[in-house]
Structure formats: C-alpha cells, structure tokens
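Okay, got some structures for you below.
First chain A sits with chain B, and in the next complex the same chain sits with chain C.
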Partner chain A sequence: MAKASMRERYTELTRGLAWEPTYVSHEQLYPHTRFEGIKIHDWDAWEDPFRLTVDAYAKYQSEKDKRLYAVVDSFAQGQGHLNATDARYFNSLRLFLQGVTPLEYAAHRHFAYLARHLDGPGPRFASLCQSIDELRHNQTETHAISMYNKYYDGLHNPNLMHDRVWYLSVPKSFFDDGISAGPFEFMTAISFSFEYFLTNLLFVPFMSGASFNGDLSTMSFGFSAQSDESRHMTLGLECIKFILEQDEDNVPIMQDWIDKWFWRGYRLLGLVACMQDYFLPKKVMSWKEAFELYLEQQMLEGLFPDLDYYGIRPPRHVEQAIAEKEYVSHQVFWVLYQFSHAASFTTTIPHDEEMDWMARQYPDTFNRYYRPMYLKARAMQQAGKRFFNGGLPMLCQVCQIPMGFTEIGKPALQAQRFSIHQGERYNTCSDGCQWIFEREPEKYRQAWLPVHQIYQGNCGGPTLPEVMEWYGLQPGDSGEYLDSQDAKNWELWHQPEGVS
Partner chain B sequence: MTIRALGAYDFPAKDRQELFGDDQLVNVFWEGNTFIVGPGCFRVPRSMTWADFRSQVMDPWASADPDYQPDKAVDFRNDDEAMNPKPKQTIEQLGIPHKGLIKFRLA
Partner chain C sequence: MAERTAGRVRQVGVDLQDTEDNRGLIEAIERDNADATLRRMPGMVKIQTHPQLTVRRSTVEEILGRPWDTNEFQLAIISISGNVAEWDEDEIVIRWEH
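On to the complex of A and B.
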C-alpha cells in the first residue's frame, strides 16, 4: 500500500476517527453548543487551519523544547541574569509570571473542554492541539523564568498570587469571564479577540522587551511559542469566519461579543502598556507606537475592512481606546506606583532620560500631566517620605482596575459610572465597562473585588501585614525599587570586583 | 438584556450590603487631583458622623498628598447631587448609599 500523504493521514486520523452517535442524539452528546443562540448547520464546513496529526505535532514540539531548554540551561550556567539592563527589568517578568503564565494554564483547561464539547471533529482536534500548546507554554514560561527566582524577589509563588493579589484579579477575572461563558463566546473572546486581535500588543512588548533587555531565556521562550501563536491566530480567525458563514443570525451575536471582548482585552492590556513604557529599562517602542501599528494599522485598517463583508463593524468604544493611547500607560503606572507597597513588584520614578523619552513619545500629555507629578513624588522621596496611597482604591466592577482612568480627552478628570441592579449599586470605570456590566449584570454582580473582600475580612485579616501574608508576599517583594534588596544586590553584583 | 445560560442563573453579589452588617462601603473622590490616582474606598459604620468621617477617614487619606488642606475641602456632592453636610449628620442621614461616591474639590 502506498504511503499516505500528510493530508490523507490528517483526514484519516482526525475526521476519519469521528463517528455518528447512535445510542444518544447529537444534542445529548454535545449539550453546550446551542444555548448561546449560535446556529451551526454544517460542522464539516470547518476549514482546518493547520493539518497536524498527533505524531507530527509531538515531533515538532519536542524539537522546539530541546532547543529552548538548551538555551535556558546555557544562559543559567553562564549567569546570564547579570547581563540584564537593570534589575528593574525583572518587575516585568514578575508581572508576566503572575499575570500571564497562569492564564496559559487556564487556557489549557478550557481548550480541553472545547476539544470534548464542540460538535465537529475538525474544531475539536484544533482545540486539542491548542490545549496542549497552552500547557506547554505554562511549563516553558515557568522554566524560562524560574532561574531568576534564585536571585530576585517576587517570583516565588505566581499561582497563589494570581488567585489572591489585587492587581492579578484583573487578568484572572478576565479569563474567568471567558471560561464561564459558552463555547462560542469563549472562542470569540480568547481565540479571536485575545489571540488574534490583541495578541501582538501582548506578546511583542514582553518578548521584544526580553530581547532588548538582555533576557535571553524569556526571549527564547517567545521564539519557541511563536509558531504556536501563529497557529492560534489562524484558528481565531477561522473560528469567527466559520461561525459568521454558518447563519446570518449569528452576526449580531458575534458583533456583541467582539464589542465586549475588545474592551475587556483592551482594559487588561493597560497593564502591558504600563510594563512597556515603565518596567523596561531599555525601551522597545512606546505603547502609543505599538497601539498605532498593531491595533490601528493592522486590525482597524487591515482586518475590519475584510470583516465588513460579513456585516461586522469595528468594536464599540474603540474610539476611547484610540484617545487613551496618549495617556493610558501613565495612568496605569501611577496606580501601580502608589499601591506598590501592597504588590509583588517594585516601582520607582523614571529617571530624567526616561522622562525625556516619554515627553518625545507623548508630546501632548507627558510634560503637562505626568512629569509634574513625578517630580513632586521624587521630591517627597528625597525628603524621606516616599509617596504611597493612604487607602484602598475604588475598583471597577468589570475590569477590576482601580478607578484612575479619565473621561475621553480629559486626562485630568477621572471617570466614574454606576448602575443599579436589583437595588444594589455597582461602580464602573468607563462607558465600555458600564456597557459590559449592563449587558449581564447577573454575571458581574458576583465579581470578587479584592478591596471589598479585604473589607469583609476574607483576605487573611483586616490589616495590611495580614493581607500581605495571605498574598504570600515576603519583605522585599513590594514598594520602592531603590530601597529593594534587588536594587542592592544588583549594585553589589556589578561592582568591579565581581560577585561577592 | 438577560444572561444566556445553561440553567437557572441567580447568584448574589459578593459585596452586598447585608455582608457588612451595620457598616457600609463609601468611596471618596478628590476631584481635580490626579496625584492620588482615583477615589478611595472605605468601610465605615452607617452611624458614623460626618465630623468623624472627615477626621478619621477622609482627611488622613487625602493627606497622602502634601498639598491637601482639610479646611479648603469644599463642594461636597453625593455623586453629582450637592450636599451640605453638618458635623453631626451620619453617613446614613446624608443618604450615602452602600458603595456610593462622595465627591469634593479644594477651594
């Protein structure tokens, strides 16, 4: 018998292994694919975006793993961490390991669910591959970053922190929102909005940031994941095209989800915007430049004209995101700066050269709104009174970020919105988050807002030290960078005499 | 719009008033100031007087900004509704709802 081609093997090993149920109906076998209102008439119309079989998949991935771990080992053995630009850089790794790596694991679990629950064998198999990818990413990120845990603070317990620490409720609640939706909304949320529409804004800053700042280990993870990510992007686009082509009634439902998940994802990326402009000692590009390239040019001018064919328009509230590109990274930094005494990262006022860079990148806003605040905070610090916020912040019920965002075009006026649902009040930070709340108040009323939980005594106790202990934080993890053990060690290790 | 779900979907809020007993949450916003990045959130007894709220909660919080001057805090509002709080009025008497927002600015 002649050897089967890749395509034939793929068909035999995926679609060929599917069967029609005879003891139970399709509805009983796949009970979760109808309640959202999406109509699929022909699951076989799914165009498989990549024709991989399990054996081919395993072969590729193990080759990539071998290369990655060789780099990670040699970097660790050569004390590669000493080649970073500055120990401030490791704060971006903390944010990544605490905020993103646990999401990879959550994605692994939920794509495994899709691999069971989607009716068609093509999308089930694609979900299975992605599920394994996400598990691998969780592991390889952990391994790539784990070497730094020997030398730097705040990397010791990312999973516990992800579940408990206030700013990590932002990524956690984002993903929980997707997981607790139906399978089609999850695909729109994660495969399309997150993995296609917004992915470059997440991945490029972290991985190029690693590359620019001497972190060969994390950069190698990024390259190792790149081919997976491009598969995930292809899957994301295929998902929405498939759903849109199946029935016209699907279009308004999908539009609603694209609107919702654009804003959810965009708000989450506020943390990345801050990381990019502030946590990287050597800058790759500014948030504003990245936003213009990856979102405005590639998505709004590239993708959405194509989606217009299906009747899909650009997402609601995108005009606010465009206006915010001038200041959102500064606003999020200012939140993190003044609450860093309760966080698993450290912050410091940017030095003068960095402020000059920001003034060039943000000519309309930086010198007017942010430099004066930083100079004031620096003067306080020099007088021995480093500025920290004296209370706990009011949080948005949807994105869970402290309410430091401003009205469109007014960078000095913080916005608040509220809605009443069944007699109870819920506060939101923006028109986008309020709109999302009001679509499904039954869902967002359950939000586990860290501040409100602390005040109920559910986070270790009523005092800050008790909360910090419950967060799993240790002395040195938090507060001012210049006073941190990381800063002291860095200076010591870079003495001309060498490591002592 | 109501949620589309597989079954009955009715779960209580995780920060509803009853969970706070005789207390409630109050948010305070210093309008016109971005140094303190946004409103603060506090748990206070509903029976707390305005004078105590000022001296024990709001003023210490706002004083994290060295430019704060307690005697210059004016234009108090319950959301956007003007209010003229008397020192002995309680949070409840002032009509501040659970998770409500008190705004002020400096003269």
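On to the complex of A and C.
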C-alpha cells in the first residue's frame, strides 16, 4: 500500500475521526457557537495549513522539548546566570513570569474548552494542539526561569501575584476579557490579537534581546514557544479568514472585534515596550523599530491588504498607536519607576550610555521630555531621596494601566477621558479605551480595579505594608534597584578573581 | 506582482533560530529565493522576500546531506509573515493571498 500523503493523513486523522451525532442535535452538542451572531455554514471549509496530525504533533513537540531542556540544563549547570549583563536584567524575567506565564495557563484552559465546543473537527483538533502547546509554555517558562529563583528576588509565587498585584491586573484583565466573551470573539482576541500581533513583539525582538544579555535559557524557551506561536498565528489568521468567508453578516462583527482587540493588545504591549527599551541593559532593537518592523510592515502593510479583500479595514485607532511609538515605552517606564516600591520588580534610572542610545532611537522626544526628568530623579536618588509616588494612581477602567498616557502626539499633555454610565463616572486613558468601554459598559463596569479594591478594603488592609503582604511580596522584591539585595549580590559575585 | 504599499514592497518572510542545523536550511532558502534578504539578530535570522518564499525539500536535503521532512521546519521557525499557501511533503510556500 502506498504511503498516504500529508493531505490524506490529515483528512483521515482529523475529519475521518469525527462523527455525526444521532441522538442529540448539533445545536445541543455545540450550544455555544450561535449566540454571538456569527454564522458558519460549512465547518469543513476550515483547514489547518500545517496539516498537523497527532503523531507528527507529538514527534516534533517532544523534539522541541528535548532541545530546550538540554539548553536549560547545561545553562544552569554552568552557572549561566552569572553571564547576564547586569542583575537589572532579571526584572524583565519577573514581569514575564508574573505577567505572561499565567496567561499561558489561562490559554491552555480556554483552548481545551474550544477543543470541545467548536462544531468542526478541524478547528477542534487545532484547538486541542494549541491547548497542549499553551500548557507546555507555562511549564517550560516556569522551569527555565525557576533556576533564577535561587539567586534573585521577586520570582517566587508568580500565580498569587498575577491574581493580586496592581500592574498584573493589566495582563490578567486582558485575558479574562477574552475568556468571558464567546468562542468566536475569544479566537479574535487570542488567536488573532494576542498571537498574531502581540507575541511577535514579545517573543521575537525581546527574546533576541535575552540572548544578547546572556540569558540563553530565556531565549531558548522564548524561541521554542514562538515556534508554536507561528503555528498559532497561522491558525488564527486562518480562523479569521474562515469566519469572514462563511457569511457577509460576519464582517461587521469581526471588524468590531478586530478594532477592540487591537487596542486592548496594543495597550498591553505598553509593558513589553518598557521591557524592550528599559529592562534589557544591552539593547538589540528599540521598541519603535520593533513596532515598525512587526506591526507597521508585517501587519499593516502585509496582512491588512489581505483582509481588505473581505471588507476589513485596518484597526480603529491604529494611527494613535503609530504616533505613540515615539514615546510610549518612556511613559510606561515612568509609571513603573515611581510605583516600584509597591511592585515585585525594581527599577533605576538608566545609565548615561543607555540614555544616549535612547536619544538616538527617539530623537524627537527623549532629550526633550525624558532625559531632564531622569536626571532630576537620579539626583534625588543620589541625595537619598529616591522618588516614589506616595499616592495611589487612577487606573483606566479598560486597560487598567495607571493614567500616565498623554494626548496623541503631545507627550507633555496628560490625557483623560470619561464616560457617564447610569449616573456613575468611568475614567479611561485614551480614545481607544473609551471606545471599548462605551461599546460594552455593562462588562467593564465590573472591572476588578486594584486601586479601587485597596480603597474598598479588599486587599489586606489600609496601609502599604498590609497590601504588600497580601500581594505576597517579600523584602527585596521592590523599590530602587541600586539599593536592592540583587544589586549587592551581583557586585559580590563579580568581584575580581581570587575573591570568593 | 510585487504589490507596493506605502512605497514599500509587500514582504513575506520567516524568522528562524540561528542554529547549526538551520544554517543548511537558511542556505537552501537563499538558493531557492534569489531576492531574499537576511537580517541577523542575536540568536536568530530574519529572512524577507517577495512575492513568495519557498522552502524546497530537495534543496534542503542536498545541502544537509540527509533526508529532511518538511515538518522539521517547525523546529526551526520563530515567526512567519505571510499566508501558508502550501505545506506538503515537497515544499512549503508562503505568500499573501490577496
């Protein structure tokens, strides 16, 4: 018998294994795929371009894991952490482990739900593979970063922190928003916005930066995870096109979701922008350049002309994101800097050489708006008066980032929007977040806003030490990097040779 | 064929891990896609071309000197820009659809 082709094997092992229900109707078996208004006429029209089958999936995923664990193991054995550029770098791993790794687990759970609830066997099998991938990412990230937990602060208890700490409500609420939507909106949110647009910026230039900063372990899990993501983003794109092709009535619904989730994803990327420009001591590529390469060139100029065929236009407010590339990383850093005393990371003012690099990357904004502020903050720190903001910030009702953004193209003019819903005032940081709020006020009025929760007495108590304890933070996790135990240890471990 | 958007050629591409195994693969892509440009970044290589990028099994096998399954491409890629137009036992083709 001739060997089956990839196409035949794929057909046999996905569709060939499905069956038609006889004692219940399709609607009873798959009850969640109609209420969003999306119309699907032929589920079999969806095909996985990878033609992935369960045997090939297991074979190549196990090979990826073998390669990854070989690197992680030898890196740990060789005291690889000592080869990092600077202990400041590990703050990026804290943000990653607290902010991203728990999202992988949430994705694992929700793709398992899609693997049960989508009507077509093709997308069900693809969702099953993705669910297992996401679990793998959660595990490999935890394993790869756990070696640092022996030596550096802030890496303990990431799951508790994810559920409680203020800045982590930014990624958590993003995902909760997706999970609490219907399956088609979730696919737009996660397979499209998160996978297609966000992971490219997080896992590609940032991971290349990890390599450049001596962190082979993180680079390896990052690239290994992203090899799955490139499959996920292809599937995400396939899903979008499939839905658009199924019925013309789907187009305006999808457009709304693309608009919403573009801006949701973009605001979440503010943290990545800050990691890219500030948390990597040695720089590979600025946020602005990464944004131009992956978002403007690959997505807007590459993908969106393809979607134009279906009547989809580029996402609403995208021009605002483009304008913000000149300064968004600096605005987010300034927020994190002044609230580091209540966070599970440390920050410090960048060195002069880094500021020179930023001035070259951001010639129109850095020296004008940020360098003078940083020099003042550094002088305060050196005089023993490190600047921490003593108050609690107002948060955006949608993205949950403190309201530190400005009017578009005007980096010195604070932006604030508000909407009245049933007599209550809700604040948002931008036109994008305001538009999202006003589209679904009943959803966003329920947001778990960390600052409101502190004021309501739900976070351990009224004082900062009580809140920090409730967050699961320990001494050394927070504050100024130069005063931290990590900085002291780093210096001790890098004393001249011959000294222990 | 090369559609221009905002004055630039509409590129397709792949980002690959810069590893020993992948060097042969990268060489094969360069050979089969004459217009491909390479950008090296720490740990990775970004390959861009237009209007389509082809990975041919026969070329990869000739350079590696061993049998190569197109599924092995999954071990090499970090990211894709473009639509996977074909992925069978002989070749992988990436291009924009419309």
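The working rule: the second predicted complex is superposed on the first by the 487 of 500 C-alpha atoms of A that agree within 3 Å, B and C clash if a C-alpha of one lies under 4 Å from a C-alpha of the other, contacts with A are read in each partner's own complex, and residues count from 1 in each chain.
What we mean here is this: a contact is a pair of C-beta atoms (placed from the backbone, for glycine too) under 8 Å apart; a residue touches a chain by one contact, two chains touch by 3 or more.
Just so it is clear, the structure is predicted and the values come from calculations on it, not from any experiment.
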Taking chain A as the common reference, can chain B and chain C both be placed on it without clashing, or not? Answer clash or fit. fit
Figure out whether A:A70 sits in contact with chain B (first) or chain C (second), or with both, or with neither. neither
Touch check for A:M403: first (chain B), second (chain C), both, or neither? first
For A:L375, decide between first (touching chain B), second (touching chain C), both and neither. neither
Mind working out whether A:V54 is in touch with chain B, chain C, both or neither, as first, second, both or neither? neither
Please indicate which partner A:S208 is in contact with in the superposed arrangement: first for chain B, second for chain C, both, or neither. second
Once the two structures are overlaid on A, work out the angle chain B-chain A-chain C from the Cα centres, in steps of 10 degrees. 150
Which partner chains sit in contact with A:L464 here, chain B, chain C, both or neither? Use first/second/both/neither. neither
Applying the document's definition of touch, where does A:E440 land relative to chain B and chain C: first, second, both, or neither? first
Smallest separation in Å between any Cα of chain B and any Cα of chain C in the superposed model? 31
Residues of chain A contacting chain B in one complex and chain C in the other: none
Chain A contact footprint on chain B (complex, rising order): 1-6, 9-17, 19-20, 25, 27, 29, 31-32, 34-43, 60-64, 66, 79, 97-101
Per the touch rule, the chain C residues reaching chain A in their complex are 3, 5-6, 8, 10-13, 15, 17, 41-44, 70-72, 74-85, 87-89, 96-98
Taking the complex as given, what residues does chain A use to touch chain C? 5-7, 49-51, 56, 59-60, 63-64, 67, 200, 203-205, 207-209, 211-212, 219, 223, 226-227, 229-231, 233-234, 237, 241, 284-285, 297-298, 301-303, 305-306, 308-309
Which of the residues in chain A come into contact with chain B in the complex? 31-32, 35-37, 182, 331, 334-335, 338, 369, 373, 376-377, 380, 387-395, 402-405, 411-414, 416, 418, 424-427, 438-440, 442-443, 445-449, 451-453, 455-456
